[in-house]
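The block underneath contains the structure these notes are about, expressed in structure tokens.
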Amino acid sequence: MSLELFGTWLAALLTLCIFSFLYKDNPFYKFAEHLFVGVSAGYWLCYNYWNMVKPNLIDNLEAHNWEYLLPLILSAFMLMRLIPKVGWLSRWAIAFMIGSGAGLMIITYLQSNFLEQIKSTLVSLDPTGLPWYVVLNSFLIFVGVVSGLVYFFFSKAHTGVTGGVARVGVVFLMVCFGASFGYTVMARISLLIGRMYFLLHDWLGLV
Amino acid sequence: MLDSILEAVTFVSVRYKDTKEQRLLRRELHVIFGICARQRLGFNLSVIRIRALRVLLPVVVVVLVILGATTVFPVGSSSSNAPPRPPIGIALQDRPNDAGGAIEITWEASKDDSRGRGTVNSYSIYRSEQPQSGFVKIKTVSSGKEEYRYNDEEVENDKRYYYRVTAETSSDAFSDSGVVGPVTASPQWFHSDRWNMLIALLIVSASVLTFITLARKGKDLYIRPIAGLQAVDEAVGRATEMGRPVLYVPGILDMDDVQTIAGVAILGRVARKTAEYETSLLVPVSRSVVMSAAQETVKEAYWDMGKADAYHPDMVRYITDDQFGFAAGVDGIMLREKPATVFFQGAFYAESLILAETGHSIGAVQIAGTAMTSQLPFFVTACDYTLIGEELFAAGAYLTEDPRLVGSLKGQDVAKGLAIAFIVIGIILETAGYHWLTNFLKVN
Amino acid sequence: MRREIPLIITFVCGITMIVQFFIPHEPFGSMKSYFQQSYMIIAAFAMILGICNLTKLHVNKIRYKRPHWGYSIVLLAGLAGMTIPGLFVGAIKEGGIFDFLFKNVHVPMQSTMFSLLAFFVASASYRAFRARTLDAALLLVAGFIVMLGRAPIGDAMTSFLPEGGQMSDVANWIMAVPNTAGQRAIMMGAGLGVVATSLRVILGIERSYLGGD
Amino acid sequence: MAPEAKSGIVDRLRNIDRRIIFIFVAASVVIPLMFPLGLPLKSSPPSRALFQEIESLQRGSVVLMAFDYDPATEVELGPMSLAILKHCFRKGHKVVGLALWPQGAGLARATFSEAGSDYNVKYGVDYVNLGFKAGGLVVIDSLGKSFHESFPKDVDGTPLEDLPLMKNINTYADIDFVMSMSAGDPGLPFWIMMAQGRYGKKVGGGCTAVSAPMLYPYYPNQLVGLLGGMKGAAEYELLVGEKGAATKGMDAQSIAHALIVLFVIIGNIFYFVGKRRAKRGGGVI
């Protein structure tokens, strides 16, 4: 049996093992699941070494960019968790990651989720020179965005006018969820076709 | 073909000067040729034909003569050895909003650019530190555009530089723009395109911080109930009654994502409840840093509740960094440990539905929360309760009732109110034809 | 001190990342990429912690013969089989053991797990797309129209209607108008949530991740 | 939650064992794959535009193809890449492959060898695979300065100087058409932003069905052509005249889709029938 054929058989049997989960938990799935967890953890460890540590740290240190000693030291602190007595040092590394992550996120989200979205909503509702449905659509988006935002108000009870507007917001949210769900159905079926095609074509040669 | 003939005619007749006459001539010729074309197609344009013929005949003669002349004595753009016309409007400036070390050179295409089917097929940029000599070629760019922009990133700050740009043909003929400059590069201390972000940041921060301060001073603030969060107690209680564990998944992204931070904060609250009820807790994670943070959080919760000995580091389990490997592992845990209550709080991708459907199949009560708009529909359909977007970030405040967190929610509401006001004003301005607010919001 | 220093680090790093956005001048200009690279390095090293946790859990399972301990051997074998060749023997080059396991074990299982979604999408829509309440009805109708509009069958059903009013057009309208509005509201709210949470983290108000003393 | 007490056929159908649904789903995919129905397929304008672009390039043109996907989305993007590569080889174009996704390099290798098997093409002369480079947008930008600096070696570690095809290629100026097979970020939006926006190159490509609506607005101004999901791949196979995996999958796609629609309808019918009965009987749902 050639290596390639062996590989195809291995892949096909593991595919079936994972599918067997749909029936119920069973030894085949347990086997595949544990193998998958082990292999994928190993994969990402190697991936991180070759694509993160090597180019960002080792190559930089070899080029005498000494500012990269700081992440090396913080990494060492991180690993101190393995030694209970000095485990608290890892908090310094965690603090670095969380702090810089939070700072970056403020900027990113304020820009892409807030200002950009406000800007996209600001369109003219002047009906001259535009087809009526374009203006109507812009108006509906405006209503949807504002009522959706009102729904998210935490310090106002959903009663009276606020309640009414929030209710409209819920309508938009529900339509949005339904549409997004319906939209992905087709793409998800493609995935299954891909696997079935592998089994029927590459493995069994039926198709 | 038509265009090139027209080009040749206008070019020969009105050399080098793009004057009013040239444009008029060009338009006239277009009209005449247009009529010719229509006649060939057999349109009956008798009236126009007679009038047109009068004009047409001499013009046709002129055109034929010129055509003949241009083939015998090639001129202008059809010549291959004559130097092309130079690039125009060379402008230099220190590239704005950078850390220095760059000069931006812009110019307009030569009249003979290949874009207009001319002979220029590249431009070369030369740089020197003296205006008269020492020019070195730094870059050649290919032609075909109306305007060109090149950033020279190999300059030093505060030094004077001079530039020249040449238009070149394939047969090495070229013409020079002449020397322009001097220009110096320098770094900037403020990004001038980002005032809008600074103002927005200050407004949002100010409103959040103001209400945090007010709340800390004891101002009582109302927050409306959220169903998913009211259900937390009951859901943990259910697991206790059934003698089954609580499963908590803080998403699959790393600690630099704020959703994960929110997820871990909620985990702290849920862990207090499981410590109180002495229910076992399982926290599978897919990132090592999240594992560390989650371990710290759960440990603190158990210590706080005086149940230090009930805490075990294995409650938080690293599975794998792999998205679907993680999903396979969590599915396995769900099937074997049969948790009565499942929390999904954090950032999720396509694995959301795999996890939620498996959770449903074992009959668990599921409380999800994420800001991933693409995954919310799946949680909404497959889980019992779902915290939508901002509610995920608010959950910490609800569960702790820490006045500072509650204050921050009130601050967010004020920011939301301002956003709505901005939208209303902005739409009114847009409708009235004023675009400055929209332009101001554009972030670079 | 054990508690204060991390809070100071968080504060300084957070503020630096905000400030760098507004100041192109060095040293701020290159701060972002330096911090991100540093983040990647630390996260990569931290993975050793995860691997240790995973190994310890399963070694203990085997040692104390806990239920399903046999599968733990499979897990550890997979981990070793990937890591040892991947890091030392032949590394990640084509044709090695790492590459073979990646192609014939990792990839097929990854794709198969992903493809389970086709089944779950079906079971979830059977169960959840029911007009129980007004909200559920809205979800159902929007989902149903978009689903139909994406397949040729949708337009075939509505072929008697004029161009622009067929199922796919209605589906596109739902995606473009109510869907956009809903998504935008969620995004804006979430954006504010992120900003406020990040502020609390930077100011040390939200600090549960640091644990106790 | 767990099904309530079972009584009557309607109740049983309402709380149908989901495994029965699973069997139907599996059958709706497997049967059409094995016994194709050949449902009619029409090519859409964005697919035709991409085909036309490659068709109209001169023999010997250089096409850049980015394999920006991973095995998870290979089912949609793999057949597209294969059909496009076959088309390029048939027209005598040279192809420079690279990947912004780590696993894309390996997929590129497999796709190149499969597409090349039917044509007389040689590695290094007719096509190259530069492999993966991390950085996304930065990498795309750096190609505008130099291919040789961004990718000093190809996927096998061969220096670029030793590859005849790469001798004359150094910047976007030497590339005639840029394509990205894009599963997400980094992907087509970045190529449009940089290669099209900054370097003025024509950009086209393919994407998953999920990201198609986000990318359609770029067509036709910034995107020459676009293949969306498995349907786009099948359309391209139709245009090239090479029926492949995507064409075979399209029947299954339609049937399975219709099945899910049917499930939703049936689910609602049983729900309402059950509700009315419960009202009549005074039971609690």
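For clarity, chains are labelled A, B, C and D in written order, and residue numbers in each chain start from 1.
Rule of thumb we're sticking to: a contact is a pair of C-beta atoms (placed from the backbone, for glycine too) under 8 Å apart; a residue touches a chain by one contact, two chains touch by 3 or more.
Just so it is clear, the structure is predicted and the values come from calculations on it, not from any experiment.
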item: For chain B and chain C, chains touching each; value: A, D
item: Pair of chains with maximal C-beta contact number; value: A-C
item: Approximate Å spacing (C-alpha centroids) for the pair chain B, chain D; value: 23
item: Chain A and chain D, separation of their C-alpha mean positions in angstrom; value: 19
item: Between chain A and chain B, centroid-to-centroid distance (C-alpha), Å; value: 17
item: Interchain centroid distance [CA atoms averaged], chain A/chain C, Å; value: 3
item: Sites on chain D at which at least two other chains make contact; value: 18, 22, 25-26, 29, 72, 74-75, 210, 213, 256-257, 260
item: Multi-chain contact residues (two or more partners), chain A; value: 18, 21-22, 30, 32-34, 36-37, 39-41, 43-44, 48, 78, 81, 91, 94, 97-98, 100-102, 104-107, 109-110, 114, 118, 121, 142, 145, 149, 152, 173, 176-178, 180-181, 183-186, 189, 191-192, 194-195
item: For chain B, residues contacting two or more additional chains; value: 197, 201, 204, 254-256, 258, 261, 289, 292-293, 296, 319-322, 324-325, 328, 336, 360, 373-374, 376, 378, 380-381, 388-390, 394, 409, 412, 416, 419
item: Chain contact topology (line, ring, star, complete or other); value: complete
item: For the chain D and chain C complex, residues of the former touching the latter; value: 16, 18, 21-22, 24-26, 29, 39, 71-72, 74-75, 103, 106, 109, 155-156, 213, 254, 256-261, 263-264, 266-268, 271-272
item: Chain B residues within the chain C interface of the complex; value: 97-100, 187-191, 194, 197-198, 201, 204-205, 208-209, 212, 254-256, 258-259, 261-262, 264-265, 268, 287-289, 291-293, 295-297, 299-300, 303-304, 314, 317-325, 327-328, 336, 350-351, 353-354, 356-357, 360, 371, 373, 376, 378, 380-382, 388-390, 392-394, 396, 404-405, 408-409, 411-412, 415-416, 419
item: Residue ranges of chain D in contact with chain A within the complex; value: 19, 22, 25-26, 29-30, 33-34, 72, 74-76, 102, 134, 208-210, 213, 229-230, 245, 248-249, 252-253, 256-257, 260
item: Contacting residues of chain B [partner chain A, same complex]; value: 196-197, 200-201, 204, 221-224, 254-258, 261, 289, 292-293, 296, 319-322, 324-325, 328-329, 331-332, 335-336, 373-374, 376-378, 380-381, 388-391, 394, 409-410, 412-413, 416, 419-420, 422-424, 426-427, 429-433, 437-438, 441-443
item: Footprint of chain A on chain C - complex, ascending; value: 2, 5-7, 9-18, 21, 32, 34-52, 54, 68, 71-72, 74-83, 86-87, 91-92, 98, 100-119, 121, 125, 129, 135-136, 138-147, 150-151, 171, 173-192, 194-195, 197-199, 201-202, 209-211
